[in-house]
């Protein structure tokens, strides 16, 4: 069992295993620590933090869809100051790797957040969210504009030596073009994918079920799309990919690694099974044993087309 | 908070469309308090995707009960469970009622299935008088399962007082003049809103159990905000509630 | 019951009701006529026809996904000549409205097909498929290129007076831009959406389950995305929209009309319930009665945001 | 072809992982022929999305039976059906075996669950001798449910001939020297491929029942192509098959 090397490398970042908890789906780690042993998790990506606190969108923020869910949380978060003061100390205690996800409405804000957090030893890497579909400014406007994504990568890169991961929007025709720009501007990795834009209406009131009108679609429904995006990047751009989208169990995780992911994140499944991370890691180990794989990193992009 | 695989003891239909699901769980039974809730995985597959939140309706020894209406996919599946089926339950969630403080009479007010948390509260209340007011559209909407000293109101007058349950409360208000009361309430938002106004205006202790769409049920998704009385701040129904002081929230 | 006016108008085309059978999901109508009364259906959109017959992609062409399916049929079809000779005669007998869907690998081919079919009286409108994700040429390359879509619309428009409907790809950042071009170039309507690109891998063989590597995702999983695309077009462009994507029942159909669809198509559901069309029409009638709607066209874009 | 809601009579486990689901359907029973199949909606919800194709395994009076392994979501759900549950079935689909033509001995060859269509064929065959060869990995893989004159082969030799079922056929070939035989076969592709080569080389009548992923099962999705012996042409397994002459297809 213990012979299998589960560690993976993303730029200069080494993770004990490829499983990360996705941004926005585990808050700042404290609640979920009631259910799961965070010290066994490869990395925790914190809820997107912005310079100032954000109240987030009014309710209703969530609706279930077939094999998926829509959310429009609107980047509700405590803001950078509070994050540093109260959230980092808890996360420091947990023997996991902390990746800080940053959201912003301007390039300057991304840079300022990164700069401020760069000094925090507990933060081991940055995931830059250029793809939140649920806020008016920033978010998608950046995420779907290749020039902005390039600029954000370049400017953030300039203020930190820690690994910079750019979280890409799937709501574009050619996601690999965006991955290429990230690579060219010095980004260390890309995360793919954030949620797809979707909506759902009440047919009696004729109003959107989600107050924000549209929300981001996550969960098993989007897995085939996410896999295709990861594969597209993998075939076209030489950059580490963190696969995300609809992973419910270890089989899904293996599928993401095969199509090109170096590591992967689980999101929605945490809401349903808050111990899913540990179960997936165990499943990966058994799979590697069964398949005679001694280093899990061999799986990455091992597709036979 | 923990997840637990719980065997179903029975599902009973106690009304046209009201079901009681009883399950065996010493662990939940000993941990949960009136007004708290559980988040149920209704199937063993990934469909439906999300858990379904339900108040704990009663705890009897090692058995826990849920009361629900069948209206969507999840409640349909629950209504078809049989003895021995296993349900994955996340519990205990949220903050329950504060029922041990200083007052004489507990007035429980439920709109329709808003009655769900009260059998358990009734069971746990010691040394308080209890009055229970249950409102519904008609006779088939209401139940006195596990309740004490029940008065009904129905929109069509098919049983009890004709009108809504807040009107019923007001009509009975004289009865409570001499004792200090505390109201525990649960039901549809319009009812809670009317009740909130009445209790705040009249300076009556009142706790409201709220509902909203949820994904996780324990504070990690931020999916369940409710406006707080404080400016520019949401509470989370699952973590800060579902029971709130009437004065603390904006409905 | 019979008091409700279910008819809808798309350009000069009047349909007895808004329900159409989607291209590629009912062949040329004959097999499904064993299960359903085609004369009650608003319109039948035929499998994409191309100038020459196409053998289609090798197996495996289909795989199930959570609440969805991937297909890579590869536009297998009998070709224009055979279509006219053997398929149209059957469809003529059926008292439904026939819309002919055309796929091509060049603008000239679109034009030639349209010209040839323009003479067929049975064909009441054209749906131009610029968005098939499963063929090497044409398809997506056109569908994701706004200039091509504009040109195809213009050229096809020039050779027929029958209504021209352009079937749009969802695999773009701003589908409304494409709808706008269609309108500007004289198209009568847009169909939205075709399938999303997705994939699925066998984790033991590490091969794609679908021989074509990627396929098109359809079914309930994509409904939230399709609804958001229809809503986006509806809010930005004044053109009739035919809503498609994951409709399983009358409630889904109503939802599409509320967010902006004048008519809608059902695809995947035909494979599961080949009488779904009739059941949906009945459901629409009951809904209209219950809601006191006398003309179903009032539903279109009746959203309250 | 029609869809029909059919009540389940029973689900029986006849082997470690082999189930027989019996259902009551005079309509399907009277319409279907050996080798044809049905497309089953295993749940009443939209999940799993697609129907599941199954050969008709037997018809006894008004009852129809399916034989299946539990391996995925759909077969798991089927294995848990109980008396009175209703399944929506699309039938009869495809072309069955041609078994009334001129020959003396019907040799049925099944690899694992490839045995599924043969009980029904066995029942319907009149005035033919029957030999049945069933192959599997081990003892637990094979069954003689509803079959006649059965010989087994297993990879591990735990029952019958040690080797695969085509080797078993070859080993028994002398027995058939004096009669004209027709082979009916069903099973995994490698087995069918070996069999196809053997029968074509030796000019033996052989029909092969094939399987592949399907969406509709009746010809509208084009999802089920199989290479035909003709150049540049696919057959559809659901409409042109699932039973083909060994010479007609490329496996």
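Here the chain labels run A, B, C and D in written order, and each chain numbers its own residues starting at 1.
Going forward, a residue touches a chain if its C-beta (ideal position, glycine included) is under 8 Å from a C-beta of that chain, and two chains touch if they have at least 3 such contacts.
Please read these numbers as outputs of a predicted model, since none were measured by experiment.
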{"item": "Chains touching both chain B and chain C, listed by label", "value": "A, D"}
{"item": "Inter-centroid spacing, chain C versus chain A (mean Cα positions, whole Å)", "value": "34"}
{"item": "Interchain centroid distance [CA atoms averaged], chain A/chain D, Å", "value": "46"}
{"item": "Distance between chain centroids, defined by C-alpha means - chain B, chain D (Å)", "value": "54"}
{"item": "Residue numbers of chain D (touch at least two other chains)", "value": "46-47"}
{"item": "Multi-partner residues of chain C (each touching 2 or more other chains)", "value": "66-68, 219-220"}
{"item": "Chain-level touch network, classified as line, ring, star, complete or other", "value": "complete"}
{"item": "Chain A residues within the chain C interface of the complex", "value": "65-68, 70, 144, 171-174, 196-201, 203-208, 213-215, 217, 219-225, 227-228, 231, 246, 251, 254-255, 258-259, 287, 291, 302-305"}
{"item": "Chain A - residues contacting chain D, complex", "value": "66-67"}
{"item": "Touching residues on chain C, where the partner in the complex is chain D", "value": "24-27, 31-32, 34-35, 47, 55-56, 58-64, 66-69, 71, 73, 76, 219-220, 248, 268, 270-275"}
{"item": "Chain A-touching residues of chain D, taken from the complex the two chains share", "value": "46-47"}
{"item": "Residues on chain D engaged by chain B in the complex (per definition of touch)", "value": "45, 47, 73"}
